[in-house]
Amino acid sequence: SSSDTTHENKIRIAYFPNIGHAIPIVGIEKGFFEESIGNQTKIETRVFDSGPQAIESLFANSIDLAYVGPGPAINGFLNSDNHNVKILAGAASGGASFIVHPNSEINSVSDFAGKKIATPQIGNTQDVSLRHYLSENGLKPAEKGGSVTVYNISNPDIYTLFVKGDIDGAWVPEPWATILETELGGKRLFHEEELWPNKEFASVLLIANVDYVEKNPIIIANFLRSHYETVTWINTNPVETRIVFNNFLNSYLGQSLSDDVIDIALSNLVITADPKPNSIFSFAERADALGYLGRNGYDLSEIFLHFDMNSILEEST
Amino acid sequence: MIITGKNFTPHRIAFYAGIIVIWQIISMVGVWPDNIFPSPYEVAEDLAYSAADGSLFYGIATSMWRLSIGLAIAISGGVVLGIFMARVEVINQTVGSLVLGLQSIPSIAWVPLAILWFGLTDVGIIFVTAIGAIFAVTINTYTGVKNIDPHYIEAARNMGAKGTQLITAVLIPAAFPYMISGFKQGWAFAWRGVIGAELLFSFLGLGFLLNAGRSLNDVSQVISIMIVIMVIGLVIDTVVFKKLENKVMSRWGLQ
Amino acid sequence: MTKLEAKNIVKHFSHESHKLTALGGINLKVEAGDFVCLVGPSGCGKSTFLRIIAGLEKPDEGQIIFDGHPVTETSPERIMVFQEGALFPWLKVQDNVEFGLKMAGIPKEERAKISNRYLDMMQLTKFANSYTYQLSTGMKQRVAIARALVMDPDVLLMDEPFASLDAQTRDLLLVEMQLIWEKTKKTILFVTHNVAEATVLGTKIAVFSNRPSIIKKEFENNSPRPRITEDESLLKLQQDILAELRPEVKKSRE
Amino acid sequence: MIITGKNFTPHRIAFYAGIIVIWQIISMVGVWPDNIFPSPYEVAEDLAYSAADGSLFYGIATSMWRLSIGLAIAISGGVVLGIFMARVEVINQTVGSLVLGLQSIPSIAWVPLAILWFGLTDVGIIFVTAIGAIFAVTINTYTGVKNIDPHYIEAARNMGAKGTQLITAVLIPAAFPYMISGFKQGWAFAWRGVIGAELLFSFLGLGFLLNAGRSLNDVSQVISIMIVIMVIGLVIDTVVFKKLENKVMSRWGLQ
Amino acid sequence: MTKLEAKNIVKHFSHESHKLTALGGINLKVEAGDFVCLVGPSGCGKSTFLRIIAGLEKPDEGQIIFDGHPVTETSPERIMVFQEGALFPWLKVQDNVEFGLKMAGIPKEERAKISNRYLDMMQLTKFANSYTYQLSTGMKQRVAIARALVMDPDVLLMDEPFASLDAQTRDLLLVEMQLIWEKTKKTILFVTHNVAEATVLGTKIAVFSNRPSIIKKEFENNSPRPRITEDESLLKLQQDILAELRPEVKKSRE
C-alpha cells in the first residue's frame, strides 16, 4: 500500500479517544513514549473510533500498533495473513456497565424479555457480553426469534435514543456508561466485571503487526517499557490523568467532559498491562458460540506475541 | 421478472466472466494477502452460506421494501419539486436551493436526526433513503423541464393547456427522457441510501449484513454482500429502466 | 365589426453584436371574417407579429385589441400554426391533432370524429398512429395545420403553413382553406411568401416593409371565389404586390 | 468570489430567515430537549467559536482540496465514460453496467476497501469521493448524448466531423445542458462523499469536525458543521453552476 | 462521365400500424456537372433519397455508385442542405457556417474569409454573431445554405433550400446558384416543390411518383442561361412537368 516508507525511524500507533485508552493518551500527551523511544524514532498517532477500522489499518500496513478491545483483537488475529496481528500486552480491564433507562422497569435479568437494548457494535466486547448474557439466562435476541431486541448502534446514537426514551437499556463502555448515568439519570444495573470470574476481564489490549515487531525489536521494547511505566503513573496520579485526558479531548475534539464523569469513569475500570488471557479465551468461546468467528473453527494458541522485552533492553544497552 | 436474452448479451457475459477470472488470478498470484483480497471462490462460498440459511433473502426482502417506499417518496416529491423549481423562480430560489444544500450532507450525518425524529424505526431508514434519492430526481426533472423546446410550451398554452393540464400533458412527457435518467439515479441513490442507513441503524436488511461483515473484519462477507447489492442494482436497471428508456427513445426517434 | 386591431406595435430584440428593431410600429385593422394575408421580406418580423397577436410575446410598445380588449395572454381563441410546426414528439399524429380538444375536455369519441375529418383532409389518415419523426417535412406541416383547424378558433394565425408542400397538395389545400373560411366566416391572418397564394386566399393583402418594419401598403382583393392559382384575374394584383415588395428586399441587401 | 445581489434575492433571504425563526420557536417551545435539539443561537455560537480558533477554515480548506481532485477525476472520467456508453453499445453493456452497479454501493461500504487498498491517506478519501460522484456525471452525460437531435450528428458527420472532432465539436456541446446537470450533481455527491469519507477515516477536514461533534454528542457542533457544508454547497452552486447554466441556456434560447 | 448513379434504390419504413415502402426502386444517372432538380408529391421520399445519396441512410435494396464506388458512408464530398436546417444551436451563425471548414482543419483567417463571402451572399453579415434561435426561419435556411456552399463539395444535395424564403430573396438566390454552378461546374441535386424553380435551375428535372416512388419521368432542360422565374420559354416545360405530377398527388388522395 501507498503510505509506508521505511519503518526504521517511525512507529505508528492507533487508539481511541476513550478513557479506557488512557495509556496511549497519557503516554503521548506526557511525552513518556517519546522519551523512552528516543528521538531517532518518530511517533505517529491516529485516533480512530472503531475497532474494525483499526484492524483494517493494520492489515493495510497503515499502522504498526493499535489499542483495541478483545473482539477486534481476536478477529484481527484470526483474519490476518499468517497471524500477523498479535496481542502484545493488556491496557485496561473492566469498564463496561449495563445502564437502564430511568423510565424502564428493568430491575434484573428477569425483566429483559420484550425490552429494547443497545450495544455499540456487532461483535464488539459489549455486544458479545450482552448476547452471551442473554443466552445464559435463557433469552434470545429478536432476529433469532427471541423477545429481546438488540440494537447495534454507535455510542452517540445510543445517547440520543436514551434521551428520547426509545430504548430500555444499553450495555456500554466508559465513559458512556457514566454519561448516561449522570447526565440522563440512567441506572447502573451492574458492572460487567461482576459477571466475570475474579471480577476482571480484558477490555483494551495492545496489538501489533508482528513483522514490525520482528524488524524493530528495540523500538518495541522501549515502547513496551514506557507502556508499563505509564500504567504505574496513571494509577498513582488519577487526578492528573483526568486533566491530561480532558486536555487531549479538548485539543482533539474541541470539547471536553466534566471532571465528575471522567473521575467516575476512571474509577470504574482498571488500567493494567495484564492482558487477562483467560478472559480472552472465554470471550472467544462466547463469540464463537454466536457465530462471530467464522465457520471453520478457531485456534488462539498463538494469539499472544512472546516478546522478551527485558533481554532485548539489556542487549541494547 | 423476465430477463430476456437481449439484456444479457455475450459481451456482457464475457465481460463479467473476464472480471471474475482476473480476480481469481490476482488472488492466486497473491499480490494481496487473502484477508484483504479474498478469492471469488471464498466469496461465492460465503454467499452460498448466507443464501442457505435464508438470512440473505430476508435481508434482501427487508431492504427492498424500505427502498420501494423511500424511492416512491423521492420520485413523487422530486418530480413535483423539480417541475416547480423549473417553472417558478421563487421556489427555485428558496426550497430548491435548500434541497440542493441538503443534498451535500452525507446520509451518515442524517442518522442522528433521523433517530431523533423517527426513532429506530423503518420510518427513520426510509427518511434517510428518500433524502438520499430525492435530489437526483429533482435536479433531473428540473433540467429536463428547463430544456423543453419553448415552442412546445407555447403551442400547448396557445391551445388552452393550463396549470395541471400543462404539467401532465406537456411538461412531464416532454421532460420524460431526462426524468428517466433522474429515476435511474434516484434508484441507485435510494438503494445506496437504504443500505447506508441500515448499516448505521444496524437494523435488519442487507446493510446490516454488510455491517456485520465489516465489524467482524470478514472481508469476504463484505464483498459478497456488495456483489448482491450490485447485482440487484443491475437487474433492476436492466429490466426496468433500460426498457423504459428504450421505449421512450424509440418514440422520439432517437434510436 | 373590428375583430382585431394592432396599434403601433413595436418590438426590439437584442443580439450579441447589436440591437435590432423588428417591428417599427405596425398598425392593422382586421374586421371579423377578414382573410388577411401578410407578405414581406425574410426576417422582417411577420412571425413576431403573429406571435404578439397570439399573446405569446409582449410588444415593447403598442397593443393588440381583440374583441375590444387588449391582449394580455395567449388563448385558444387565437390559434397559431407555427412556422416550424412545434408538433409534440411524444404523441402520435392523431393525438397531436386532438391535443387542443383534449385540453378543452371534449370526450374521446367526439375528438376522434373531429380529428378524423381533418386527418382525411390533410391526407394523413394512414399515419394517424405514427410518431412525428416518422413523417416527412410536408406531412408534419399538414399535421400542424390539422391541429389548428380542429380547434375551430375565432381567429386563425397561420405562419407560412404551406411552405413545405408541393404545388399540387398546396392547390388542394388552397381550395379547402377557402371552403372552410366561407363556411365558418373565420377571421384569418395568413403569412406567406408566395404572392400568388396570398392573392388566391386573401380578402386583404398587407405588405410588410423591411426592418424596422411597418405595413407599407394594404391591398383589397375582391375577385370572385373560388379562386385558383392560375386565375388570370389575379395577375395584375400580384404584379402590384411584387412591385411593392421588390424594393424592400433590395433595401435589405444594402 | 463575488456574490451578486441577484443570487441573494429578497425571497431567498426571507425564506432562510423564516426557517431560522421557526427553528428558534421550536427550540424555545421545547419539543425536544436542548441537548439534542439546540437553538440557532447556540449553533451560531459554536460556529463563531470554531471560526475564531481557525479549525473551521482549516477543515474547509482540507475538504475542499480533496474534493477538487476527486471531482476532477469524477468529471473527466464520467464525461468520457458517458460519451462512450452512449455511442458504443458494447461499452454500455459492460463497463457502463458495472459503473451503475458500483454506484449502488454506499460510500460507507467503500471505506474498508479504500483503507485496505490505499491506506489511511488522502488517496483513499479521494477514491471514495470520486466514486461517489462519477456516476451522476456519467449517467447525465450518457442521457445528454443519447438525446442529442440525430440531425446534428448527421450534419456534422456529413461535413466531415469524425472521432475526437465529433466528440468535442458536437457531442459535448450538444449534450452540455445536461452535462451541467451532471456536474452539479457530481459536485453535490462529491461534497457528500468527501465529508462522509473524512468522517469515517476520521482524518482532518469538515467530516472530521462533524464526527468530533458526534463523538461527544455535541449536537450543536454537528448542526453547525452541517450548516457550513450546506452553505458552501449553496454558494458553489450559485456562483459556479447557476452562472454556467444561465449562460448555456440563454445561448440555446431557453430563457 | 457519370458522377453518381442510383441503382434500384428501395427503402422501407415501419410505422406503428403499418409498413410503408417509401422508395420503390429509384434509378437515376447523374453526369458530372448536372444540375438535377427533383420534384414529387409531399411524402414521396425525396428527402429519403437525398439522405441515402449522402450516405446518412442505408437503402434496403440497391446501391448508390459515386465516382465508380458504392457509397458506404457519409462524406464531405457529398454535402447536404437539410430540409429542416439542422443548424447547431450552440454556435453563432458564423461558426455554424465555418463548421465544416474547421473540421477540415482550415486556419481561422481563411475560414473567416470564405464564410464572410457567403454570409454576405445570404445577407446575413449583420447576424454573424447571433445564435440560431435569434433568427427568423428564412434566415436559418440561408445559414444552412451558406454552411453547405462554403464546403465547395463535389456534389451538393439540397433539400428544398428555398422553401421558407420570400419570392424576392429566392429570385436573388436563384441567380447566385446559377452563377456558382456555372463557375464551379458542381454536380447538384436539388429537391423543390416549386416547378418554376426547378425549370430555372435544372439541366434535368426528375419527377417522383407517389409512394412506393420511382422516377416517373426525366425532363431535359437546355434553355439558355441565366434564366429567371418569369422566362416565358420555361412555361411549356413547367406545364409538362405539372401534367406528370398532378395524377400522382391525386393518387395519394385515394
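A, B, C, D and E are the chain letters, set down in written order, and residue numbers restart from 1 in every chain.
Note that in this section contacts are C-beta pairs under 8 Å (C-beta built on N, C-alpha and C of every residue); 3 or more make two chains touch, one makes a residue touch a chain.
Chains and their UniProt names: C, E = ABC transporter ATP-binding protein.
Fair warning: this is a prediction, and the values are worked out from it, not measured in the lab.
Number of steps on the shortest path from chain C to chain D, with steps defined by chain touch: 2.
Chains that touch both chain B and chain D: A.
Compared with chain C, the chain whose C-alpha mean position is the greatest distance off is A. Ranking every chain by how far its Cα centroid lies from the centroid of chain E, the top place goes to A. For the pair chain C and chain E, the distance between mean C-alpha positions equals 26 Å. Separating the centre of chain B from that of chain E, both taken as means of CA atoms, is a distance of 48 Å. Look at where the CA atoms of chain A average out and do the same for chain D: the two points lie 36 Å apart. Our note on geometry: chain A versus chain E, Cα centroid distance of 82 Å, whole angstroms. Within chain D, residues 36, 112, 116, 200, 214, 252-253 each touch two or more of the remaining chains. Chain contacts: chain A has residues 52, 56, 59-60, 156, 160, 164 touching two or more partner chains.
Residue numbers of chain C whose C-beta contacts span two or more other chains: 84, 131, 134.
Under the contact rule stated at the top, the pairs of chains that touch are A-B, A-D, B-C, B-D, C-E, D-E. Across the interface of their complex, chain A is touched by residues 33-36, 49, 111-112, 115-116, 119-120, 200-204, 211-212, 214-219 of chain B. The part of chain D that touches chain E in the complex is made up of residues 149, 151-152, 154-162, 165, 169-170, 173-174, 176, 248, 251-253. Across the complex, chain D is touched by residues 54-56, 74-76, 78-80, 82, 84, 86, 88-91, 99-100, 102-104, 131-134, 147, 151 of chain E.
Within the complex, the chain E residues that touch chain C are 13, 15-18, 39-43, 45, 47, 83-84, 92, 123, 126-131, 134-139, 142, 160, 163-170, 172, 193-195, 242, 245-246, 248-250, 252-253.
Contact residues on chain B toward chain D in their complex (touch as defined above): 9, 11-12, 15-16, 19, 32, 36-37, 90, 93-95, 97-98, 100-109, 112, 116, 135-136, 139-140, 142-143, 146-147, 150, 177-178, 180-181, 184-185, 188-189, 191-193, 195-196, 199-200, 207, 210, 214, 219, 222, 226, 229-234, 237-238, 245, 249, 252-254.
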